[in-house]
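Take a look at this one; I'll ask things after.
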């Protein structure tokens, strides 16, 4: 039988606010345990929450970024359950009236096509603390620094059909939230965490199969592997005559498998009700419009513009728009050299390669966009040839000069295009290579094509790489053919 | 709505309140009478009446995103029953 | 000194008749001698009080005294006080020394008042008799066999017995007004949102409100002006200017339109209480006020709605008491669930457990719509009753409680205890202000007249109450208890 998978994701994004969603404690990562848990975060008797404006603004920006409806009123509810990392015994969340209504995210697939994934809604909530299971004489330690960090939970429709699509969706979200600057998107520090809902059904069937939820998958790679494993598991299970049970599972990256969380399925009953300590959040139209006007160009629009207006390939457009720093760098290079294709080649070629070798992020590149742009200008106006350009690039990388021009000057890399000078060098090479010239003369046309490379190399060497290779080629051919 | 001992036990579990059998029995009786009183609400026609969560029709004020709280761990943990290395301790949580 | 009002004490301090230290010492002495019997305080903070009194005297000597400088008060033990145990009447918080001050505590301290200590209360403010306290019941100074009312019973009894001139209480369903009535003092529940709830241990967040309990409306006006106002730490507090509530105290009541809700004079009202209340209303007529009957048709639904909404909010508010970060923790928990269940079973008293269970049940799946949502809809109808009534009249009047203080131990059944709050509870659901003023006696037990106004009409309520106290002396009566031959 042919099977198809149906996948939906709940992605929790930590918002990049300075302070917590309901208190003035810092959200900085990595502090000593409980040093950033204030009275409100600890849920001390008598404390009350006050909503952070930046968290609201960021949620709305996300909503605008996915063309979602932004309801005028949203309401915080309490989700009641006991857990040691949940100080108040309830999580303040938005169950019935989320801040962001339905929207959609465009994802780029490997074959160069795009697909729209519908977002059901996105809501604000507070993060919980962390349980540390190191050895405290058989006890668990609780660190509440993370408690109260603002989260935007983005709930998709079950619109994805494969692990690859799911990953493309998370990558698209990642690039939207980092473009907007509303999250640092640092998955290793838990800034984006996913719950994945997976079910399978025979191809063509309308009704959905029973789904399993895989909790807390925290990297692109694990999302892909966890889903692939889970699809496989469900298909095998059904084909063996079994039934998928609705349950929560955990992905174990070491074993590369999903496991059922102990079926303490006492059917959670969260007793949601409107939080009486918080009032309805009402967004006036002017506020939303102000946020809309300040939105940056988002990845999907950028990709389309790179492809349609700059004439880049779909692949280049997609890579160069994938992160905001990358796109900004590329655009700055392009603006300074006025050649989008050359800029794209350099950013993805020489620069990306070197960044990769030294494991640097584009924002930490030692070569600035203006420097690279300046270098490309000298390539396109033929001041230097390609080989010299690479030398200049490495010199810029190593900080040997402030601009390409300075380095070209200092190293004498200016391309030699003076025919007389080139002819003189050719004559010298021919004079120094009687054996090779004799062989050339005797060879047929096909072989000559290959043999000329030797002479070109010698001439380039003589010019210390500055001779214009096309000119060298043409002149050499002329001279040798006369020999 | 009638209340069974099972309902009381379920609520007690959700609320993490330990109850012995005698207490459970007594609470069935108390709670039944309270709910019986609450059931008077059922007779009211509330069609089209919006629930009222807050007595004033006010809206949420927003706070500027500023860090205003300093570390007060030592002070806050003075009233904690069990801490070590700055962490609150609980019996082992099995995930 | 102990029989003076706050206003009189302020004048005496200003005139140099005695110092704040002398006053404080004198009252601490009375607490020492009398409170063993009354049990109105959970914690007496004598040392802090004396040093605060010295500071107040020093400020006065430098000419830095404000209107409240050096005046002693007591705080219901529901307000967080830094460095002082804040028990909320519960074993759960018996060892909880708050690391911070409630906003109202900060404001009172900044005004130069002196806290003598923390008063007894029903556990987590759940009760109408002060019998639900981990620290034992409080007695009514007018009759030691009677309850003082609840949940702010300690505050009411301490003021009535002359242990302190005024105290702060909280009112979720009548917890200021009913004990004020039972103890023959004046107690004001302000409009919801008028006074910050930050640092006030939450019972039912959408209903809780702090307010003054004192010997006169004038004293309540003085205190309300100090504690009221917008608090950036409480989202539900209202950004609205705070007038000097004493400004309108002397305004004439001629032409005042008083409504008598007919539902507040029906079955179950003690005839002698009714007589006292109707006599009080005649006093208003003599001042030129007009009286008319009005109807609050949803009155009988207030108690059912309240006993769904308040326990629901409480069940969630009280989840933080889990034995992890503060409060009672059981010995040697076997595992996490044991830690929770035993700590909470040991730390909470019976009434608190009852309300947690009711609230948990009514919020749970399958019951939410029938109870919680329904109660919130009815809540709107109840509020509308008041809004409609205030289209026609300026204030509403009636009894604060259907009976005078009942005997200690008389009400064993929770539902019959709940029905005590019939005249006070709807006010919290609607969020409007209400004040109870002494208006006579049934035997030796006081009767309270309740006056209600529209949202933010505190100034008018205080004016109406004050004018009554200019014409009567019920509020000046003192119980035999505590009369010392000195």
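What to note about this one:
Going in written order, the chains are labelled A, B and C, and every chain counts its residues from 1.
By definition in this document, a contact is a pair of C-beta atoms (placed from the backbone, for glycine too) under 8 Å apart; a residue touches a chain by one contact, two chains touch by 3 or more.
This structure is a prediction, so every number in the text was calculated from the model and none was measured.
The central chain of the assembly on a C-alpha centroid basis is B. A comparison of the B-C and A-C interfaces places the larger number of contacting C-beta pairs at B-C.
One finds 41 Å separating the Cα centroids of chain A and chain B.
Between chain B and chain C, the centres computed from C-alpha atoms are 23 Å apart.
Averaged Cα coordinates give chain A a centre that lies 58 Å from the centre of chain C. Listed for chain C are residues 96, 98-99, 206, 232, 235-236, 315, 319, 322, 324-326, 336, 340, 360, 364, each touching two or more other chains.
Residues of chain B found to touch two or more other chains are 14, 16, 53-54, 58, 60-61, 63, 72, 76, 82, 88, 90-93. For chain A, the set of residues touching two or more other chains reads 39, 42, 44, 50-51, 80, 82, 84, 142, 269, 271, 276, 278-279. Across the complex, chain B meets chain A through its residues 13-14, 16, 53-54, 58-69, 71-73, 76-77, 82, 84-95.
Remark: chain C residues 95-99, 191-193, 206-207, 232, 235-236, 238-239, 298, 300-301, 303-305, 307-308, 315, 319, 322-329, 333-342, 344-345, 348, 353-354, 356-358, 360-362, 364, 367, 370-371, 373-381, 383, 413-415, 418, 428-432, 455 touch chain B in the complex.
By the touch rule above, chain A contacts chain C in their complex via residues 39, 42-51, 78, 80, 82, 84, 87-90, 142, 269, 271, 273, 276-279. The residues of chain C lying in touch with chain A in their complex are 79-80, 86, 88, 93, 96, 98-100, 102, 197-202, 204-206, 232-236, 312-313, 315-316, 318-320, 322, 324-326, 336, 340, 360, 363-365, 368, 372. Against chain C, the residues of chain B that register as touching in their complex are 1, 3, 7-8, 10-12, 14-19, 27, 30-31, 33-35, 37-42, 44, 46, 49-56, 58, 60-61, 63, 72, 75-76, 78-82, 88, 90-93.
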